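This structure is in structure tokens; I'll ask about it shortly.
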Amino acid sequence: MLSEEVKALLEAVEKGTVTVDEALGRLRRLPVEDLGFAQLDTHRELRQGFPEAIYAEKKTPEQTVAIARRMLEATSAPVLATRVPEPTAQALLDEFPGALHNEPARLVVVRSRDSSLPALGTVAVICAGTSDLPVAEEAAGTAEALGAVVDRIVDVGVAGLHRLLAVQDRLSATRAVIVVAGMEGALASLVGGITSAPVIAVPTSIGYGSSFDGLAALLAMLNSCAAGISVTNIDNGFGAAVCAHRMLAHRPA
Amino acid sequence: MLSEEVKALLEAVEKGTVTVDEALGRLRRLPVEDLGFAQLDTHRELRQGFPEAIYAEKKTPEQTVAIARRMLEATSAPVLATRVPEPTAQALLDEFPGALHNEPARLVVVRSRDSSLPALGTVAVICAGTSDLPVAEEAAGTAEALGAVVDRIVDVGVAGLHRLLAVQDRLSATRAVIVVAGMEGALASLVGGITSAPVIAVPTSIGYGSSFDGLAALLAMLNSCAAGISVTNIDNGFGAAVCAHRMLAHRPA
Amino acid sequence: MLSEEVKALLEAVEKGTVTVDEALGRLRRLPVEDLGFAQLDTHRELRQGFPEAIYAEKKTPEQTVAIARRMLEATSAPVLATRVPEPTAQALLDEFPGALHNEPARLVVVRSRDSSLPALGTVAVICAGTSDLPVAEEAAGTAEALGAVVDRIVDVGVAGLHRLLAVQDRLSATRAVIVVAGMEGALASLVGGITSAPVIAVPTSIGYGSSFDGLAALLAMLNSCAAGISVTNIDNGFGAAVCAHRMLAHRPA
Amino acid sequence: MLSEEVKALLEAVEKGTVTVDEALGRLRRLPVEDLGFAQLDTHRELRQGFPEAIYAEKKTPEQTVAIARRMLEATSAPVLATRVPEPTAQALLDEFPGALHNEPARLVVVRSRDSSLPALGTVAVICAGTSDLPVAEEAAGTAEALGAVVDRIVDVGVAGLHRLLAVQDRLSATRAVIVVAGMEGALASLVGGITSAPVIAVPTSIGYGSSFDGLAALLAMLNSCAAGISVTNIDNGFGAAVCAHRMLAHRPA
Amino acid sequence: MLSEEVKALLEAVEKGTVTVDEALGRLRRLPVEDLGFAQLDTHRELRQGFPEAIYAEKKTPEQTVAIARRMLEATSAPVLATRVPEPTAQALLDEFPGALHNEPARLVVVRSRDSSLPALGTVAVICAGTSDLPVAEEAAGTAEALGAVVDRIVDVGVAGLHRLLAVQDRLSATRAVIVVAGMEGALASLVGGITSAPVIAVPTSIGYGSSFDGLAALLAMLNSCAAGISVTNIDNGFGAAVCAHRMLAHRPA
Amino acid sequence: MLSEEVKALLEAVEKGTVTVDEALGRLRRLPVEDLGFAQLDTHRELRQGFPEAIYAEKKTPEQTVAIARRMLEATSAPVLATRVPEPTAQALLDEFPGALHNEPARLVVVRSRDSSLPALGTVAVICAGTSDLPVAEEAAGTAEALGAVVDRIVDVGVAGLHRLLAVQDRLSATRAVIVVAGMEGALASLVGGITSAPVIAVPTSIGYGSSFDGLAALLAMLNSCAAGISVTNIDNGFGAAVCAHRMLAHRPA
Amino acid sequence: MLSEEVKALLEAVEKGTVTVDEALGRLRRLPVEDLGFAQLDTHRELRQGFPEAIYAEKKTPEQTVAIARRMLEATSAPVLATRVPEPTAQALLDEFPGALHNEPARLVVVRSRDSSLPALGTVAVICAGTSDLPVAEEAAGTAEALGAVVDRIVDVGVAGLHRLLAVQDRLSATRAVIVVAGMEGALASLVGGITSAPVIAVPTSIGYGSSFDGLAALLAMLNSCAAGISVTNIDNGFGAAVCAHRMLAHRPA
Amino acid sequence: MLSEEVKALLEAVEKGTVTVDEALGRLRRLPVEDLGFAQLDTHRELRQGFPEAIYAEKKTPEQTVAIARRMLEATSAPVLATRVPEPTAQALLDEFPGALHNEPARLVVVRSRDSSLPALGTVAVICAGTSDLPVAEEAAGTAEALGAVVDRIVDVGVAGLHRLLAVQDRLSATRAVIVVAGMEGALASLVGGITSAPVIAVPTSIGYGSSFDGLAALLAMLNSCAAGISVTNIDNGFGAAVCAHRMLAHRPA
């Protein structure tokens, strides 16, 4: 919304108490938050439906609760707390009784009363081993919080190809596929080769030695010979879900 | 399509010349390319409309022309030659008079006669400096070859924010945005912050010293604080375009 | 084994209640786990005798015990739990009284009742210092669980060449040699130079400073001037033993 | 062969011109090349059948020819020149009319007249793309020079799973499999998952950007979730073949 | 300057042909380049006196000359071409007879007729060896082009402390010191320890082996135990000079 | 101060008990700490007003208090303890009642009685997220301890450009800007593009995965396309403040 | 000592019960530990006076005591335990009342009764900051245990050149200088520039951020422009002392 | 030599025309080059006998000749030009007829007429393969130029231990050993284990793939389990020789 100051200026011009040249000069000097907000409405619009996220790992329960409360007053979007320590999760559930707690993902989702997300279609979240589950659940829980239906597919290692081939149809029935894998990250290439859906690859830090905390999987995914795969940061299940949300929710203006 | 061999087997079962148990045994031993092709139909389907690409850099003109000819016989998809040396480009244009040559991108696109791509909507390709143009053009040319309309936006450096803000509406009018940037790669974060469209970030090897041939831009893009950005390999304009194509063309089965 | 569904279909074709064309159509749509399993029999065969392994480090005792129980029902292969915390080891021994606990290797091996491994010959496991012993024992314990006889050779540092030369004959009397070394990893080159046996090099994370958690040893082993040495991930004693097992147990089909 | 000096010493003892104690003292002081050669006979034995290799890339044709000539006089093993420039290849063929020139591998093999290699069985060399062929051919040509039968399998990318499944039986019919792959190197994991044969993974420098000249493939292969895969240096087709040769030719003493 | 459209709008409000509310609405929708330019005047102001720079290395002489000509029409600031190949330097000198050519720095400076830079004080540019001179000259030439007086101090290696102590007073007589050093980059720490002036450290790619193209010097400078040193990219003499220019020319608004 | 020995020597020359040549000879042999101190007076001068800093993290409270007490006796400059554990902070406050404790920065500042810092102007400290606050406060607190007025600007992420544009004037009203940012570090480029003030960029270790503990931000800042930005070590708020202090306090001699 | 078997063989030759040719054949087959030990006497000799070292960090007090006891029985050299935890130090002192405990270095030295080291001359150990003291003391304590006189020089940072110049004579009065420094490691270059003594540089892990646990100092020292400096692993004070010991104690044979 | 100014000052004190206090004040302000040179005489002394070296690789023949001529006038030490291109070598030989040209090392040594080096004893230079010869010769040639006798030992790979054991006595007969090795650099550990002489390890860039231009050898040598080995930069044969020279030539003052 344009500021009151601009309105007052226009009224003064209308009344003739300020000349056009004076008004031009004042507009030039107006702080950008006044004019800028008008310009950047699209920006605010853009955030509608986007999650507001709190990286809770290094915050006290009180801090996280306070930030969440403030966010819920300011937005109708769901509020997500990621990497939530157990005591913080309890504090959030106490404060917001309707909140959802995804324990393996260490994710808490709080919705404002009046939020109603449009139905956005299905996203597959596929991962290879049980160790990758926390990251996969962070992706799945975030995607659900943003209005997607999630098809979870787990335990589909590249060493057992038949299990992957068995879910080919489920992959193709979705609007986007999030592949979560550590170690050598080869699952992303395989999925990219058997579906035409957009594939978002999330390397995880699962592994040891020369996995270098996920570097091996990250490099492998970036160099996939299956064309058209894109990659997020290591362990960034949240980011992959927002990436999918952009695909599902964005409508060209 | 299932192989003739399977059909013949079924007919023999129907006629009673082969027992059910014998037929089961033979099915077990059938080479996978026979049954497999049936299973993998979706796979082949998936490739419809996908470009067949030839990395031409280290091939002779004769090799590239021969591969392109073979591909065009086997597929109705457009054939792309990427990183095409000048003599190879000339050879391709001689052989395929209707081919398109995108010179800055060193890209040649040849379409088979009967290929008609569906209209898929608009993709923005935005880059910061003129040095990033070859990669940006590889993305743009590939996207066009696959049926997208491309809105090219160049010379939008982060040091000149007003130029970026001026194209905000053009970005939001597209179905996906490809951001191409070298050096510190900050443009991806900025674009991600002002549009809700899917953003595919392509780091380039433009820079020197501690850019380490694109590593600086790659890491920056992977760590973007604008949520939901995904990243391709360094200089991989082709891959970014295929990534966008998956978003535009994929329909859940 | 091919699924019942395929058998029923063939019987229907035999009876004439389903036409060949209908049968072809149904085969095309059969889920891959049905046809696929037939195709992938070799795959299952391959796993016979391979250890099923549980990476127990970050699992609760209950989880590890439950997974081990489920595996033992599904396979006749021995079940290995690697990097087993002390309480988990106790829980496994309580549940499976016949289990073997290799303490330095933090390895627990449980065999199903009816498993009887073929005699596969001897593998040498050689390491330089006592610090490398846990990784060496993980290799030795795994190899034994898979049916190999293991000749353990320890404390053979490159700074004491005579100790290495003294075991030359023991190395040559084996079918494969696993070399476990941290720091500069030179032992692998030395062993490769004095035996014609296959040499599997396992870098360890033993060292400090510019060993970079095993990177120095890994790079040294990959660049060995003794030809024909191959390398596993850092600290991957388990993988080296499975690698040796492939050499000992595989028979060309 | 033990040195003349030792023989003379023994004869002097026999004749009584040197006492046993004097002889003991002299033996202690003998240079190691005399006694050592005796000790290290196994070592020389080991090299029987091993190729003597010349890294020809940075040598003049004259140098390479001279070294090859000297080697052929000293050993009955085949002599291999690797990474041979074109003029050097020509010079070798002129000098040794029976030499074999594997052009894509830039490999020249010269056998001494009396070399007759034992039949050692089959090795599969499998690679994904045509760009990996030079490294694959270096492996294949070396393996053949050492007495193996080689089954070459090319163009089996992970994005086309059916092509891989179609060669499953050929893989299992071999005694060892060499997997050559650049980019994300996922083929090694796939092959490891469908065969029980020993798998030697060779990362190649094929790729660009964050492949970092083969680092991505190397790390991926070291972190493979298919157990029991071992890895060589980047582009080291020669080393992989010698590794396979150790498996095929070594007999426990 | 605010756009004509805004002026017309204000005049319409003054005349009463547009209501205040209508005007508010239109202002909200105005393209950002109109209002934005007003807002971003400071931005343009900021660039006054800043060099416009052309990275000439990979451009044709014609391209560089054309870009320089366009820039000179648009700005009163000097135009710098950096890393200029010899033919391009000649072309620039032909086109702009008054241009300055700093040959060791491969730098060409062209001034518009009416540019008159304020006197900004002295900057010291100090480097250790003659190999660092091209980078040092890029810094010195750029600083001079921007109005600084430059005191060049060369051949002051850390192995000859007395030479450094001898120039201590010259360092302190300047407003900022640019230290250019490759290899271990220790000169930056030494200079930081003997002057209270701002120190801008420029690592160079001079060195070999584990200098890793300047990485060693870069890390050393970032970890200097002399407090308050800041660092630019490797070989970035141009950037260091602009950094010094900010210190000399900026006046708080 | 020059040593007593020199004074005695001069007096002996004055009295004629030592000849000029003898005196010259003795001066040549004088230990450097005597003459050197005279020479290096500027050096000591330089440190006037510089903070003496104690890195308190790994020291006991007693050690830190003792060092601080000794420093305060030797210098009139303020004494800073950085990264101060809570018990050490308490001990310092007990010992020096007037000390300032900046808790988020873990910084304690103690001034000697007679220290009076000159007014040096304003420094802006700007950071993107609340996680960067400790580093930003270390910079702000240090700058204040050295006599600067600090304008703190927080929560200005690149994903919310309007907030950055809104503070453009505050940035330009300062003499230097310290930009503190983790993750992709893009804020430094943006700030550099909208102000002509000197910009000191401090990468932080905030981030995860491929941020590699601040490496991503460090590389991005070093490669900024906004010219004239200089960079400190990761998390080095203290160093950035001293860097700004050099700019504000240094007067050419 | 040569084995009894060789003696018996020679006696048989002397007696004529074994022919020279038979004797030659048997010598060839003798196990290497017999002849080898003779050959490798120099090797054992070499270790005289070298410390036997126990890396005690991850051993129990009982283990370390037991190993030390065994070593003392086998050698007359002093036994060093490095990185000794407090309880282990106590256990060693209880067991060996005459043992020396260097607390900052976490070093315990135990001498056998009859060890008397020759006087070897002086080694300087110089370090910059108090944080580097543990590594410096590990070097100093080890050198003393091996018979050197140590001149400790601390707190000689490169930011205070006069302190370094003041100790120039002490450096030159030694037979070797060990320089211990973290952060940017520049002290090694400075010391190398003012003394002709051998300089052994020990990078330490002191630092933060882009020191990358000592990598910055390591690279700087390897790239020193002061010729003839050699470098040890990060934090390897023990190794540097043994390096100096080689210089002081070795006499050409 | 102390400056004339100091002498004049002392004479004025002697005459009574300047008081002692005035003289003290003036001494304090004397530029460091005057007093400093006196102080730093030891420094100049130190360089006696050290080679003055010219890194000739990127210089024109004229530049290198001119620098060499200037150096020879200023010092009695030999002048070395390293990495000398062929035309420069010819120019140096033309200018200085008595110069020595070590072709494989690309080293030219010019002695001043009156230089006569003291006999310093023997240094061994040992390397593994012929590819390491240029670096080994740079070390050997430099050591000889500085007065050492050099015992060259080549072709001693770790894969042929007997060749190493055969030269054990030659190693022990020297005062220092320089080990030159690329690939996995294990030779340094082996040499360190069989001699008590000081061992200077020089990693070379020989290798490919994951040797990363010598990084593998560098890390291996830094992590050697043979205690007391020190390391130089990659390919730094010159530096290793100067390191040895320090050991041979330095006499404690």
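Brief remarks follow.
In order of appearance the chains are A, B, C, D, E, F, G and H, and numbering begins at 1 in each one.
By our rule, contacts are C-beta pairs under 8 Å (C-beta built on N, C-alpha and C of every residue); 3 or more make two chains touch, one makes a residue touch a chain.
Quick caveat: nothing in here was measured; it's all calculated off a predicted structure.
The set of chains in contact with subunit G as well as subunit H comprises C, D, E, F.
Set against the Cα centre of subunit D, the chain with the most distant centre is F. Chain pair C-G has a twin interface among G-H, A-D or F-G; that twin, with over half of the contact pairs alike by residue number, is F-G. Chain centres computed from CA atoms place G at the largest separation from subunit B.
Between the CA-based centres of subunit A and subunit C the separation comes to 39 Å, rounded to the whole angstrom.
Centroid to centroid, with C-alpha atoms defining each point, subunit D and subunit E lie 55 Å apart. If each chain is reduced to the centroid of its CA atoms, subunit E and subunit G end up 51 Å from each other. Shared contact sites, meaning residues of subunit E that touch two or more other chains, fall at 32, 36, 39-40, 43, 160-161, 165, 168-169, 193-194, 209-211, 215, 218, 222-223, 227, 233. Going by the touch rule set out above, the chain pairs that meet are A-B, A-C, A-D, A-E, A-F, B-C, B-D, B-E, B-F, C-D, C-G, C-H, D-G, D-H, E-F, E-G, E-H, F-G, F-H, G-H. Contact residues on subunit B toward subunit F in their complex (touch as defined above): 128-129, 157-161, 165, 183-186, 189-190, 192-194, 207, 209-212, 215-217, 219-227. On the side of subunit A, the complex with subunit F involves touching residues 31-33, 36-37, 39-40, 43, 55, 58, 203, 205, 213-215, 218, 233-236. Residues of subunit E that touch subunit A in their complex: 2, 6-7, 10-11, 13-14, 16, 19-20, 23-24, 27-28, 30, 32, 35-36, 38-39, 41.
Looking at the complex, you find that subunit A touches subunit C at residues 131, 160-163, 165-166, 168-169, 208-211.
Across the complex, subunit H is touched by residues 39-40, 42-43, 45-47, 50-51, 53, 121-122, 165, 168-169, 172-176, 193-200, 218, 222-223, 227-233, 238-243, 245-247, 249-250, 252-253 of subunit G.
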